[in-house]
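Chain IDs A, B and C follow the sequence of writing; residue 1 opens each chain.
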Amino acid sequence: MSAGTDVRRYPGFGLFSLLFFLYLYLPIAVVVFYSFNANRIVANWGGFSLHWYYAALSNSALVGAVKTSLFVAAIATVLSTVVALMAALVLVRGRDVRFRRVSETVVNLPLLLPEIVVAVAVLILFSEIGLTNGLLKLTVAHTTFCIPFAFLPIRARLQGMDPDLEEAARDLYASSWVAFRRVTLPLILPGVFSGAMLAFVISMDDFITSNLLNSGGATTLPVYIFSLIKQGVSPQLNAISTLIMIVSVLLATGAFLLQRQK
Amino acid sequence: MTRRLKPPGWNVLGLLPAHVIMLLTLIVPVGIIILVSFSTRGPYGGFDYVFTTAPYKQILFNEGWTGELEFNPQYLIVVARTLILSLVTTFICLLLSFPVAYFISLQRPALKVGLIYLVTLPFWVSMIVRVYSWIIILGNDGVIAKALRALGLVENMGSLLFGDTAMLIGLVYSYIPLMILPIFASIEKLDPTLVEASHDLYGSRLITLRRVILPLCQPGMLAGSILVFVPCLGAVLEPTLLGGGKTMMMGNLIQLQFGAARNWPLGAAISIVLMAAVLIFLVSRGLRAIRRESRELGK
Amino acid sequence: MDKSRPIEMNKAVEIKGVSKTFGNYQALKPVTFDIYENEFFTLLGPSGCGKTTLLRMIAGFEQPSTGAISLRGSNIQGLPPHKRRVNTVFQSYALFPHMTLEQNIGFGLENLGWTKDRRDKRVADMLRLVHMEEFAARKPQQLSGGQRQRVALARALAPEPEVLLLDEPLSALDLKLRQAMRDELRTLQRQTGITFVFVTHDQEEALDMSDRICVLGDGHIQQLGTPADIYEEPSNRFVADFIGETNFLDAEVLSVKGDHATVSIPFGMTMIVPHKQAAVGAPAVMSIRPEKISLPSQDNQIVVDGTIVGANYLGGYTHYVVETGTTRLRVSKRNSLSRGRTFEVGQPIKVGFSAESARVLGA
């Protein structure tokens, strides 16, 4: 059992991995650490304080941005998950689907294009059709690029499901709708939830598209944070960042646990 | 094929929403981008559909007062910087990811799951916050500068921020989880007795790594390279926040043209160049894979 | 005592007090034995008996918790696998999927620093040896199970190892192929003169191929000897039970004199039977092999009345179960003259055996 004789082990890889995880988490830790700094100047430690959290939570511009982001993310999540679920059911379970490969590529198209190109595409589209409502623009754009993120976990879950189960239900006199509702849907639900969560996080996190479309009075959270960063590093920014990270970590953990559920 | 569960109409109906959305919001607009890239810049921003190749010429040349074209590499430098930074980022991610992925794969199952969770977690944390954290670290009065000063190593090092190095650090940091996951997946698929067989046949650890482990992890490395390289080409946040105003990449150059600079045709032309770069990369990778497959089948 | 020891008596492998503990679990209690040059040596036992652990310690993939292993007289303690002149044929074959057969077979030679010419010649020889010449440029995925098996053998034999280790190499093959590969393995061992250490849980395989067999059970050596020794003179109940089929009868040891013991058995009789490790007062069983029982009894020493309660026709043999009132006996009878069953279920019959063909074993 000693590490020296196990031919699969390589000396130094453990230490290297340790350093790697430090590198991965140190920047995040720095932000969290400085968010408790009483001093207005970030890099000078002035004692522990929750002051900047109070300031952040009573910042009306921030609260407005959070509301915009939540609104857009909620609608984009529901729409993209439903659309992705329908597509996944056909692409994984459908028989005699023509152009399956091409169809799947089309559904995943936003992943194949650099996001800035997606952003430019919707920007030009909205300007061509004269759409000016900021929230509507954001919702349409976010729904589009969230679809593949909702699609992939659902597809994975469907592929992992035994197709015989559905046929067994049909064999036991269930109509195809009943078979779907009583057998397929309950079994793939964890995949649907984790897809929805992924879509939600991607939407909440989006900067490139939201920033390019930024007009019509709809500023999302990342765009607002960007404007704060442009004004310079500040402890309040650290507090906001920490709050965002807490929410993200909770969501990520939820999605992670869902995906592992058997 | 005989046990058809759903009528074929179902297939079309299920795929319709996704396809319509992609068609209207992406496929048609990408066509429009191509049109715009051959259009004339409007007097107040925007564009007019008057055919011209000027936007592409603009990438390479300045138009002088008398209309003569003068070579100006400023945009070409941005394109080259984007390609080089993306390649270097991909390479560094490959180097860093392999030992970590390999180490994780050797752990017992519970620890393995935990470590993979730790690798993916930062990816869920707001991208903008993660890039921002490097401003605190690399900045003039940042964590690194302070630490070095406290140690008395460097008196005044100036800012690490704003430049190629800062962008590179940010890019690697942003995208490395996308490299670790596929490499980890391919190491997990590697049969451990192959490693033992290599040692049994007088291969040292180094030989085993070079001749057995790395070749068999190639699919994962290739997938990881694509996952890292493509978003790097279109990166916006890292160059904007860490590169400063001067050192740009294609992503924020495009953003600038559609924003402050109000030169949509030029922005569209650069977008086309970016898309072409991605396409060439993906196709060449795909072709290589196909060629390898056919070579294998030929035997 | 080792009647069958090969003529060449040099020790290829010496195992001295070797044991292995994983955490709290002792996979192998201290064992000591030698494997001789040029012999086909088999480690036989049920799964979990420590036989694969022992093999992996010889190969260098595990280190013994206690004791030492020597290879041709030199202690190989702490030597990593790639510095030991032993090669392994893995259970899963472990052929490198990204290399052709030639590259697979040449891999070890390359690492040993052979020149290209010498390597090429050896690879060609090995391919010929296992009849795979025309597949030289193929990849392992393009081969059948039996072909892969042969390539794995060629790869392991190519570097001329001092000892070849085979870890249940036939278990992945179907029955027909397994039979053919047994002969092929035996032939290869004779041709090459290399010491084979073969691990299996299949007693038939072990009896068929080995010069000597080491039966492992419960983490220690149960018996070491020639196939005939082990089948005919099992040293304890475990070996008699594990190798072949047998009938166990409860026996009470009344007295022991030399290598015979006087026992009383369930048929209400007392007899004098050869024994192994029997002692007065200690629990013991009498073992009698199904083919050593006559049906119907001829002029045997011991004759018992019974009724046939089961008859299974197996082609060359028919297996009968005979109820004798106190116990059921399994009897195997060759169908050399009869077609099918000679006796019918329900038929009363006498069975008989001789005391010399039975063994009393300490239980």
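Quick note on the criterion: a residue touches a chain if its C-beta (ideal position, glycine included) is under 8 Å from a C-beta of that chain, and two chains touch if they have at least 3 such contacts.
These numbers come from a predicted model, not from an experiment.
> Taking each chain's centre as the mean of its CA atoms, which one is farthest from the centre of subunit B?
Ranked by distance of C-alpha centres from subunit B, the top chain is C.
> When A-C is set beside A-B, which has more C-beta pairs in contact?
A-B
> Round to the nearest whole Å and give the separation of the Cα centres of subunit A and subunit C.
Result: the chain centres lie 59 Å from each other.
> Taking each chain's centre as the mean of its CA atoms, how far is subunit A from subunit B in angstrom?
Each chain reduced to its C-alpha mean, subunit A and subunit B end up 18 Å apart.
> Could you check subunit C for residues that touch two or more other chains and list them?
In subunit C, residues 60-61, 80-81 touch at least two other chains, as defined above.
> For subunit A, jot down the residues that touch at least 2 other chains.
Residues 7 of subunit A each touch two or more of the other chains.
> Two-or-more-chain contact residues of subunit B, please, as numbers and ranges.
196, 199
> Going by the contact rule at the top, pick out the subunit B residues touching subunit C in the complex.
191, 193-194, 196-204, 207, 211-212, 215-216, 296, 299
> Mind pulling up the subunit C residues that touch subunit B in the complex?
Going by the criterion above, the answer is residues 59-61, 80-83, 86-88, 90-92, 94-98, 100, 107-108, 111-112, 137-139, 142, 155-156, 159.
> Considering only the defined contacts, which subunit C positions touch subunit A in the complex?
22-23, 60-63, 80-81
> Residue numbers of subunit B touching subunit A in their complex, please.
Residues 1, 3-6, 8, 10-11, 13-15, 17-19, 21-30, 32-33, 36, 46, 96, 99-100, 102-104, 106, 113, 115, 117-122, 124-130, 132-137, 139, 141-143, 146, 173, 176, 192, 195-196, 199, 205, 208-209, 230-231, 233-234, 236-237, 241, 250-251, 254-255, 258-259, 264, 267-268, 271, 274-275, 278, 282 of subunit B touch subunit A in their complex.
> Would you tell me which residues of subunit A are touching subunit B in their complex?
That would be residues 7-10, 12-14, 16-17, 20-21, 23-28, 30-31, 34, 41-43, 82-84, 86-87, 89-91, 93-98, 103, 106-107, 109-110, 112-125, 127-128, 140-141, 143-144, 147, 151, 166-167, 170, 176, 201, 204-205, 207-208, 211-212, 222, 225-226, 229, 233, 237-238, 241, 244-245, 248-249, 251-253, 255-256, 260 of subunit A.
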